[in-house]
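Each of the two complexes below includes subunit A, the first together with subunit B, the second together with subunit C.
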Partner chain A sequence: MRVTKSLALASAGLLLATSLAVAQPTEIRVGAPLEPPTLDPTAGAAESIDVVVYQNVFEGLTRIDQNGAVQPGLASEWTVSDDALTYRFKLHDGVTFHDGTSFDAEDVKFTFERILADDSVNAQKALYQAISAVNVIDPLTVEITLSRPDGLFLFNIGRGDAVIVAPESADNNATDPIGTGPFAFVQWDRGSRVVLEQYGPYWGEKPALTKATFVFISDTATMTNALLAGDVDGTYNFAAEALPVFDGNPKFKILVGTTEGETILSTNNKRAPFDKLEVRQAMAHAINREEIIEGATYGYGVPIGSHFAPHHPYYIDLTNTYPFDPEKAKALLADAGFPNGFSATLKLPPVAYARVSGQIIASEFAKVGIKLELINMEWAQWLEDVFANKDFDLTIISHVEPFDIGIYANPDYYFGYNNPEVQALNETLNATTDEAKRKELAQEMQTIIAKDAVNGFLFELAQTGVWNAKLEGMWPNAPVEGVVLRDVHWVE
Partner chain B sequence: MNWTTLRRHPRLVIGLAATLIFAAMGLLSLIWTPYPITDIAIARRFATPGAEHLLGADQLGRDMLSLIMSGTLTSFTVAVMAIIIGVGIGVPLGLAAAIYGGPVEWVVLRFSDLAFAFPSVVIAILIATLMGPGAGNAVIAIGIFNVPVFAQVARGGALAISTLDFVAAARLAGLSRPMIALRHLLPNIASLIIVQGTIQLSLGILAEAGLSYIGLGTQPPATSLGLMLRDAQSLFLIHPWLSLAPGLAIVVIVIALNIAGDGLRDALDPRLKRQGLTNVAG
Partner chain C sequence: MTLYLLRRIFGFFVTLFIAAAVIFILLDLLPGDPARFILGINATPEAVAALRLQMGLDDPALLRFSNWIFGMLRGDFGVSQTQKLPVAGLMVERMSVTLPLTVFAMVISVAVGLPLGILAARHRGKPIDTALMVLAQTGVAVPNFWFGMLLTLLFAVTLHWLPPGGFTPWNEDFWAASRGLVLPSLALALPQAAILARVMRTALVDVSTQDFIRTARAKGMTFGEAMWRHGVRNALLPVLTILGLQFAFLIAGTIIVENVFYLPGLGKLIYTAILERDLVLVRSGTIILVLVVSFTMLVVDLAYGFVDPRLRERRA
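== the complex of A and B ==
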């Protein structure tokens, strides 16, 4: 009896082994550092929402590809009127939401009206303010009219904030997201994971994966162990200090890519002594970018000299505007009336790049006479004190929005930079659709901002993903927030 | 206590010496460290222990020996302040419970039971979460937990002594109960409190390390042994030394304090040693 049983077990084990060897795995477990607060990307600013659902569960009219270019999404094609004010979109036929309801032009109209409604909770509502009307021409044609030309319109409607939702399900998307994407939401175990499954009737090309689980692990050491033990198959952006563990390990590969995160020493331009140009210039000269990049990102960050992503075609290198020169910094401080330096506070949000950069900058500034008191804060407190109430001297933060130089044209923005010249340039830029002219305007803005030393420009965050070596198709770059799984597959 | 007693208690000598060495290193960091602890130099990051850096350099190129000296001071300071809170509030409460009895005793004992019912670290996390992270709040969090410990020790010791004849004599002589507590009970339980203090000191250093490790204690650029462990954690697989150095420092300090505590108990009160401390120490 005993013999039979163990024989049966052995043959079952053999069967299992054979089937494993033959079948290519079609499931993936992705480690993510933060659990999303909700799963509705049109109702929250958190990047963690897009990480799970963008282009996986939800899709927009256009979609952003891994190089940041605009591709057709739910709209198969579109035409733009000569005055750049009217966009006519042709929609894909046979698209259904995961609850079985069909997708048509009415859903598009509903989506944009929901974004623009007075009680809208969309985090990027301002991006869509140019839309004046959304007209349904027929069930598969929709026309969007703008009140002013907007060079970023097609990009913005491809963001997670403008994914198409259905009137039948939109209210429940926070906990039970219903989209049109290649993966349908299955379940959300709070505090632990979100499970997605391939959506059978998906209109487009089917993804190779049949199941995707996002596992939330906030602690670096825990994530390292989960990767080493094979509990997760990869993570899209891992702490730089943990990368040497995986570097050279044949079971893993490290994908180094770009992000839209300009990391800056944000400076309260309205508060003395930072309202003095010489003081800001002195701080710029006191910053040793190479040391900060090496210390805070283990060399993976890319130096920036203004508020612009280095991989963007409009970028110009301004890192030498105020080169590292402590003597010059001291001289400038003396000119500004601070021969003995001054004291200030540096409020740091709870992210490793900010905390470590903060310590390094405090050490660098001390050498030119600026004594910084480091104040570590939690996110809620930072958002309240620094971002909302503008009660700060200095802070360190990564601005992760794509093409966000426009924040320098808003005098009410938290760092309080008020320069009519930049504001006029930005207005012209927004209304310009000619590429060459846009580039020229954007570069002029970058230069003025760099010369004014509005903030301390440190580095562009890198995206450093760690993945199982047998996985292909992940995006190395993050031109937009999200971990897009449509092309991810296992190879032998 | 004199040199002869010390010689008879080698445990006390070893424990006390090790503790004093660490305490002295910590105090020295106030006026001198090999390098300033805020001196960051990425160029010498992960320097191996050698002539320039006796214990190497950490992920920001800071000198590990300087960090450990300064971290030890933080750990000791937090633990000592917490003991001052514990003794300052706990001992009077315990004495009051012993001499008044009745409802006073009931309240003190129930308060102690309540505090003992929660693991100390949980209370500390609660306080640090409510009031925000920082060394000051760590002191309060650990100090609050020390209060019932010292209250119990003081009460137990005072009860044992108040049955002795000289206390009865003092009472007959017309001394008021608070005066008896102050003149006769307190001096006689002092050794108990000192012994308990050593134990609480080692627990306090552990608790501070724990709180800093989970990010609720000391905040950079100040440092503590627990904070160093936290910073080194994600580097453990590549640079284990960064975790081992502060980790070993904590272990050695705690062991030293425990040995010193045992030695002190034996040396200070042979009578209690014979009877067994467990009866009175709560």
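== the complex of A and C ==
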């Protein structure tokens, strides 16, 4: 009798185990619009690199979570000196790279020295320039000294650009990435897909997925078909115009989240007539944000009144600083000496949001007498003409770096805003580590920038993901570039 | 004959050289700094300068051009600026998709186009001829990316018979790889089949009024027999020329079709390289395409000469 009972129990357990294994798939196929040129996030700016490898294959000392907050990563804890110049990191024990070599303080030192080397091609080298020394205290303790305080330091070392690499494998990371993350690189069929598999000896909590394949599909209609046919299980940011296909389909869910992309009508503050405050104020009054958001983002964008992400705790709503008011705009133009308006050029990079916003703004500006000539450009040409040579009147671009209000403190930046008050505030902000004080300073900066109407502040880009309805754990927001698979799992 | 051969071959090399010069000049004239493009807007000027040096962008244009040409003569097609891998290797890897795709499409277009052309010519002026030619005209007019979308909607999204796109490497799963090429080759083959059908029909109709057909009929053959034994063979001459041209069209067509079906072929490689401003890959990739197309033309020209002795003598 007892034998039968235990047999029955055992078979029931077996049955349960089998049914679980059948019911819960552990593999995922993610559609991505762009194939990464390489797989080394420390040697290129392409977002497509981070999409595949950030926090999946590679990890940094800190980790950015889905709300943009800093969490412990390879460093389990840290202390900051009172002058905010010295950071001492305690590293996790028992961490190994995917090639089996062990991770320790020497790898941290190597990583940062590689970023700061003269021949470094790290796209964000400027973010780490405050680092003056990296000292190995013992194999599991490392101390980083800064030459000046940097309030964003802990955030910046959690980005894809500062993931920890090993001296043995760093040179080959472009094609054979070796990191410490929960997923190890398996293969890359160029032009087609990258395959990752769960890394067994991973030091942290094991992810639910055993295998993840990134499939590269650039065309929107093709991606739609791939989703509908089930060839991919989801995509993290899909073109808004294609979302109605999936809206209301019970097999899919749409995740609407925020990004760090402030989309602005960048204005050349050094060039006449934009050097006149009244002119910039007039343009601000001439902009109808709702119309632009509806037209360029199908209503998914969030209006902004300054250069700051609405989901950030330091954000203040300044969208009413210069409300939409064409009559006021005309009056201000007359005050500035342009009763009949003026003509200017608007250079547009090859992204849909910019091209469409440009057309809407041109028609809005025409109503107050500003005649815009639209000039469409390719990326490389835009970077050279507008960004590097500052040869432009107006342009539309999304600034996708997190917490990038500091660009307004750089008078040599392409829109040429030079305000010593903002520069002083930014310096204080960088040197401040107290949260409440930082918030106050950041809000003061936002307000001044909004009042100065430095640029036309349009909207924050949304992230609109389409996923299989049975998938959970994806990040709706994009506080950093990356598709983090750590928590993604299938449910019934 | 030898003179004819030599002239054709000389022309082939001149074409290649001119193409190389045009490609180089056009890409060099493109505005924008590839190094800045790769590193993005937050890169420091030092990092951009370091990358420019690494990419050899600061050398004089003539030096870069001759380096490129002599490199290619030694079999060195350069290293991709974005992918950091030799271009030759990347292209060979992608050939394993594009070549079978092109051959599949070629086979389908011949297998569909020629019989339909013969059928139409046989029933010349009858409703079946009209219907076939309307169909062919439509086939020529339909863009292949759109036709590809329709195929995907029907066979992948609705019926689930075939994958909507993507490619499994041959050595991993031969059957899956072949299945993945069915829809793209159909999409690619349709306009070509339509063109072939029209050319075949016209050629047959032309031949049917020739003296040798009348002679064959006078000797007691039925019209069908005469056409089959003498007509079709003679009508194949213009078809051969079209086939050579079509190979070039198919290679170019893969750029669009491979993007619709997200296939990792040559077309997609070059398309992506253009978007990412990988000048080394674009120019070496383009010149290899020029080489393939001109070489096909050369072979067709030579074959034409062998098939039709009249032509050979006239040209020489």
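Convention: the second predicted complex is superposed on the first by the 470 of 492 C-alpha atoms of A that agree within 3 Å, B and C clash if a C-alpha of one lies under 4 Å from a C-alpha of the other, contacts with A are read in each partner's own complex, and residues count from 1 in each chain.
Note that in this section contacts are C-beta pairs under 8 Å (C-beta built on N, C-alpha and C of every residue); 3 or more make two chains touch, one makes a residue touch a chain.
Remember, predicted model here, so these are calculated numbers, not experimental data.
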Just to be sure I read the superposition right, which of the two partners does A:A174 touch: subunit B = first, subunit C = second, or both, or neither? second
Report for A:L374: first if it touches subunit B alone, second if subunit C alone, otherwise both or neither. first
After the superposition on A, what does A:A123 contact: first (subunit B), second (subunit C), both or neither? second
Considering only touches as defined above, state whether A:E291 meets subunit B (first), subunit C (second), both or neither. first
Does subunit B (first) or subunit C (second) touch A:A239, or do both, or does neither? first
Return first, second, both or neither, reflecting whether A:R355 touches subunit B, subunit C, both chains, or no partner chain. first
Which holds for A:E113: it touches subunit B only (first), subunit C only (second), both, or neither? neither
Contacts for A:A45 in the overlay, against subunit B (first) and subunit C (second): which applies, first, second, both or neither? second
Go through the superposed model and pick first if A:S363 touches only subunit B, second if only subunit C, both, or neither. first
Can you give me the overlap between the subunit B contact set and the subunit C contact set on subunit A? 221
Using the touch rule from the top, collect the residues of subunit B that touch subunit A in their complex. 38-43, 45, 59-61, 133, 219-221, 233-238
Which bits of subunit A are touching subunit B when the two form their complex? 220-221, 224, 239, 241-242, 244-245, 291, 294-295, 355-356, 359-360, 362-364, 366, 374, 376
Quick one: which bits of subunit C touch subunit A in the complex? Just the residue numbers, please. 30-34, 36-44, 46-47, 50-51, 54, 82-85, 90, 93-94, 97, 149, 152-153, 156-157, 160, 163-167, 169, 259-265, 268-269, 272, 276-278
Can you name the residues of subunit A that touch subunit C in the complex? 35, 37-38, 44-46, 118-127, 174-175, 189-193, 215-219, 221-222, 225-226, 228-229, 231, 378-385, 387-388, 401
